[in-house]
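Each structure below appears as structure tokens.
Each of the two complexes below includes chain A, the first together with chain B, the second together with chain C.
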Partner chain A sequence: MTATTGTTGRWGEAGVVARPLLPASLFYVVFFAVPMLALFVLSFWRANGFVLIPDLTFDNYEKIATSSLYRVLILRTITVGFITAAIVVPLAFAVSYVMRFVFETRGQVILQLILLSLFSGYLVRIYAWRTILGKQGLLNSTLQWMGLIDRPLEFLIYSNFAIVITLTGLLLPLAVLPIYSAMSNISRDYLEAARDLGAPAYTLIRTILVPMALPGLRTAFAFAFLLAAGDFVTPTLVGGTQSLLIGNVIADQFRGIGSNWPLGAALAFVTIGIVLTLYFVVMRLIRWVTTW
Partner chain B sequence: MVKALSSNLLARGFLTLVLLYLYAPIVVIVLFSFTTSPRLSMPIEGLTLAWYQNAFANPLITKALTNSLILAAIAAIGAGLMGAAFAFGMMKLVQPRLRQALLAASLLPAVVPLLVIGISLAVLFHGLGLPQGLRNTAIGHVLVSLPFVVLTMNARLETFDFTTLEAARDLGASSFQTFRDITFPQIRPSIVGAALLAAALSLDEFVVTWFNIGNEQSVPVLVWGLMRRGVDPSINALASMLLFLLVCLVIGSNFIGRRNT
Partner chain C sequence: MKEFLRHILESKLNEDVSRRRFIQGAAGLATLTVLGAPAMAEEKKLGGPLNFLGWDGEHGGNVAKEFLAKNNIQMQASFQSAADEALTRFNTGGRGSMDILTPNKDFQRAILAANTELFQPLDMARIPSAQGLFPAFKDAPWLTRDGKTYGIPMIWGDEPCVYNPAKWDAMPEKYTDFADPKYKGELVLLDDPFGNIWLFAKSLGMKEPNRLTAAELEQVVEAMLKVKPNVVTIGASHGDMADVMVRGDASLGIGGWAYQTLIAKDKGVKLVVGSPAKDGTFFWSDAYALAVDAPNVDNAYAFIDFITLPESNAALAKELGSGCTVEKAFDLIDASVRDIYPYDNVRQPGGGILGTQIVVPPQNPEGDIVGSAAWVEAWQKFKVA
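What follows is the complex of A and B.
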């Protein structure tokens, strides 16, 4: 896939250039592309207990299309993904703006702190939110101790609220990364020129900052929306019975009692299809709004 | 002037809140790994190291820790070397569009939910007849660390001076000699930095692990098992130790990776 791109057009030179690309490319093909394909093929198979039976059946997809349970779960997953992305992206935008244009070089230190949190404890941080938001958790017990509330606030935990709070914390650093890097290409002069000419803040945002940081915003939205929609650990630990997401069902099909791999594979692809379609619709909308 | 000052204060307050939001979970876990009350609530009654003793008394912990360290070492070496070579190869490509396309493709596994990566690998290994365990998990860890290694190496290599390589070649060095004597010594700190990052990612990885490790243990798998069983304060101790290792690795990665280049 990379071997034919030399500068001289001669195979020898091109081969030398491509050689360092080979191991990782091969690894990606064998352990990323092929497994995705295998998962797709599996979604047309059948399962009999733990035995997978090769087939070309649309039964799994039919089951998903006709089940109201899956429809509810997919809809809820998309809603949670959207709400999370709708909070994460503007928040990351504001954080990046402050780091880039208010703190300038000192912003680098804050960026490092934000990135450090990205790599410190995925599972641990989700669990931590459960202990913070729990019925007898840190927040409730502190508020009660201070006498601000009589009874624990029940909506804090085992709810969609808890899921969104947790996912936002997990995904914010990941969203800051591309937006900040896109903003570092925006010159301060543009903002000052526009300000000198009397442009109000929202005009600066709409006509300079958003269009110029658009590639970063797009990546950030992709991270936030796709990863929030695909998470199953967060709903397991902080979601209630009424806030399970499609990821929980998919995970259970692969590692749970009465698992069904082909059905899980089909569920994964239906979700990916819907999520990707929505992603492109949103990207279209953003482009339409910004060129408008 | 007054306006600038107040907006600066506002900005400072805003960033403080954001950092508080990001770090509150970490602080809470570490803080409550030292408190006597098994329940995580205020007010704090007293301090103890008992939960750490408890964590170490768990017979599974030695196994989990050993396995996690093995996985981290494989991810560091595997993803570190392959990712560094890939980033270096990309730099040599002259067409910027091709470079952009390759970079985007190499980052794909970071955008696909880990759940999907985990189950697709499980399907592949099942098809190949390879039973679940550490081997399968290690491959998964290399895969999920690779994008981050490529990304950081790519950023570091942007400042790499390729003219020194041409000079060496012009003076008659073979391509192997050039690599050994000129290229490698210069990019070594970056590779070590990226490899440490891969180790951190591996140490913290749960989702792909969960679908591929079978009945083996790793630290996050052990933590998950304890979490699902209910409130066990030794989770906080175990989690704090994991956090400590992660922070060391990430800071080390940053520190070493930024040296020279």
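What follows is the complex of A and C.
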């Protein structure tokens, strides 16, 4: 046995790298890839009452393509996802900047405080937002007490506005993490050099901060956009009567009398396809803007 | 592989009428007097596991604690989040490992009507306490098929309007009257396609509100859309509806739950019950059923018999904030819980109004009559509009 084969075995260098990945890969194959494949197969089946009929039909996809109901819902979902991400990512960027460059020595403390919010349950946090935004909630009561409004602002709760605000609150800590992590690797010297050379703040952000924090921004956008677009609990609890998203309809297809698993599966894959396509388009755009 | 996948994915049914979700939370927190086990000596040998799959709280965790301990029965309870979960598990490897199920009225009716294999007929001689059920529950049509009984009801209730009396003196005569602009920003509905469509179909005078043609269904949705501008939100569950009213975000819940008045009372808010006089409302009930190929039949029968005793039934009804199904349990329940349910309806034989009232549509289309999928889609269109 040579020294080389002793350390890398017959799989060579690739084996050394691959072996540690095996448990996680196996986990993903068994608990993610296989169920997704089953769901994909299911999307070509038919439902007849309580019975699922194996088939190879495109009826479910055709129904989605021709139904204005699903078009409206997918468009609404993407809009909510984009708006949420458009608010969350810059906010998280600003928070991360402050943590990294303004309160550098207190950065970790601020980070821990932000992460504290994750210790409370997801539903608890949504109900907390209901308490803040409700007709008789904290915000309306304060505004009325201050004499700024005569009657409660009804758009604050049970509206698309409430969904975006609530999702922003829920997703901000998740977006701060990757951006702050990426910014931690940016040396203050770059910023100072740029300032010394007369670069305005906008140029500094566009040419130094954003490109160097791009991996973090990308992850933050993925968290914000994908999680917002896929959420169906927040719209249910704070969304009101005009805020049904595609996630709610997909969930409906998998429970209760009248459910339709194949249609639900097809809806899920159409949504995944559209959302991922848009995600990659946005990533391209960001890359283009930062190298321009 | 194909057959395996088919079994894995086959099945479905009836989502909870979301009162359940509240029960899941409430029951977990409730503490109750633990009832003593009856002196009835079981002739069959008891002991070992008893597998329960049903709504949280209906396993009698508190009520049957002493009975289970005394008979050395280990209750292995798992809780469903939708009524069809039992059928899903049954068809995906759970057969032979499930004993007691707790279907609701419409789910059990649908399963029996479809001849879908899930429940086994009960040997009523082994459940003598069932003799004490209210007349409506003894031979209820949703529990029987071909002269055999498939379930023993344990709780029941209705879905009335629940409203804030400080805002409203009384309910209008019909559900369609809620389109009046005076209700703007005051209504909360439950996310229940069948309940809502059924109520408005009845309000429009349709003879069989659960059997609608496509045109009738469209007519119903149009009527509901006239009400929609007045709706603040659609509650995810009865507990959520109560929360919306307690916070003052809405003052009137359609298709509510009488127990919401007690939830609100605990939080210092007064809500009362009342439904449109002409249209009324609909009723629900949950029952204990025995799964086909149940492995612990003796334990299951003993448990069902125990939990159907007046003391057990009263304790369970109180814990779950629902109506009791055993006649002698009525006097054992606090007036605060007892008086919120219209017990006259269960003193009649043959299921009473619970028996004649069918809320869910046919699972599949029947001629011109549309199936349940069309109702779900109509409800989604209503929500999107």
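One rule holds in what follows: the second predicted complex is superposed on the first by the 265 of 292 C-alpha atoms of A that agree within 3 Å, B and C clash if a C-alpha of one lies under 4 Å from a C-alpha of the other, contacts with A are read in each partner's own complex, and residues count from 1 in each chain.
FYI, contacts are C-beta pairs under 8 Å (C-beta built on N, C-alpha and C of every residue); 3 or more make two chains touch, one makes a residue touch a chain.
Everything quoted here is computed from the prediction, not taken from an experiment.
Participant: Look at where chain B and chain C land on chain A after superposing the complexes, then choose clash or fit.
Facilitator: After superposition on chain A, chain B vs chain C: clash.
Participant: Using the touch definition from the top, say if A:Leu42 reaches chain B (first), chain C (second), both or neither.
Facilitator: Both chain B and chain C are touched by A:Leu42.
Participant: A:Ala175 contacts which: chain B (first), chain C (second), both, neither?
Facilitator: neither
Participant: Give one of first, second, both or neither to describe whether A:Leu227 is in contact with chain B, with chain C, with both, or with none.
Facilitator: first
Participant: Is A:Pro23 in contact with chain B, with chain C, with both, or with neither (first, second, both, neither)?
Facilitator: first
Participant: Comparing chain C with chain B, which touches more residues belonging to chain A?
Facilitator: Comparing chain B with chain C, the partner touching more chain A residues is B.
Participant: Please indicate which partner A:Leu156 is in contact with in the superposed arrangement: first for chain B, second for chain C, both, or neither.
Facilitator: A:Leu156: touches no partner chain.
Participant: With both complexes overlaid on chain A, does A:Thr142 touch chain B (first), chain C (second), both or neither?
Facilitator: first
Participant: Counting only touches as set out at the top, which of chain B and chain C does A:Phe119 meet: first, second, both, neither?
Facilitator: It touches chain B, and chain C stays clear.
Participant: If you stack the two complexes on chain A, which partner ends up touching A:Met183: first (chain B), second (chain C), both, or neither?
Facilitator: In the superposition, A:Met183 contacts neither chain B nor chain C.
Participant: Just to be sure I read the superposition right, which of the two partners does A:Ala94 touch: chain B = first, chain C = second, or both, or neither?
Facilitator: In the superposition, A:Ala94 contacts chain B only.
Participant: Of the listed stretches 23-31, 59-67, 95-103 or 149-157, mark the one in chain B with C-alpha atoms clashing against chain C.
Facilitator: Residues of chain B that clash with chain C lie in 59-67.
Participant: Taking the contacts chain A makes with chain B in one complex and with chain C in the other, which residues are shared?
Facilitator: 38, 42, 52, 127, 131, 134, 136-137, 236-237, 254-255, 261
Participant: In the complex formed with chain C, which residues of chain A make contact?
Facilitator: 38, 41-42, 45, 47-52, 54, 69, 72-73, 127, 130-131, 134-137, 154, 157-158, 236-237, 239-241, 244, 248-249, 252, 254-261
Participant: Considering the complex alone, what residue numbers of chain A touch chain B?
Facilitator: So the residues of chain A touching chain B come out as 2, 5, 7, 16-21, 23-25, 27-28, 31-32, 34-36, 38-39, 42, 52, 91, 94-95, 98-99, 102-103, 110, 112-117, 119-125, 127-129, 131-132, 134, 136-138, 140-142, 145, 169, 172-173, 222-223, 226-227, 229-233, 236-237, 247, 250-251, 254-255, 261, 264-265, 268, 272.
Participant: In the complex of these two chains, what residues of chain B are touching chain A?
Facilitator: Interface residues on chain B, with respect to chain A: 7-8, 11, 14-15, 18-19, 21-26, 28-29, 32, 39-43, 81-83, 85-86, 88-90, 92-95, 98, 102, 105-106, 108-124, 126-127, 139-140, 142-143, 146, 150, 175, 197, 200-201, 204-207, 210-211, 220, 223-224, 227-228, 235, 239, 242-243, 246-247, 249-251, 254.
Participant: Using the touch rule from the top, collect the residues of chain C that touch chain A in their complex.
Facilitator: Interface residues on chain C, with respect to chain A: 2, 5-6, 8-16, 81-84, 87, 106-107, 110, 114, 116, 185, 191, 193-194, 228, 231-234, 236, 240, 243, 247-249, 360-361, 363-364, 371-377, 380-381, 383-384.
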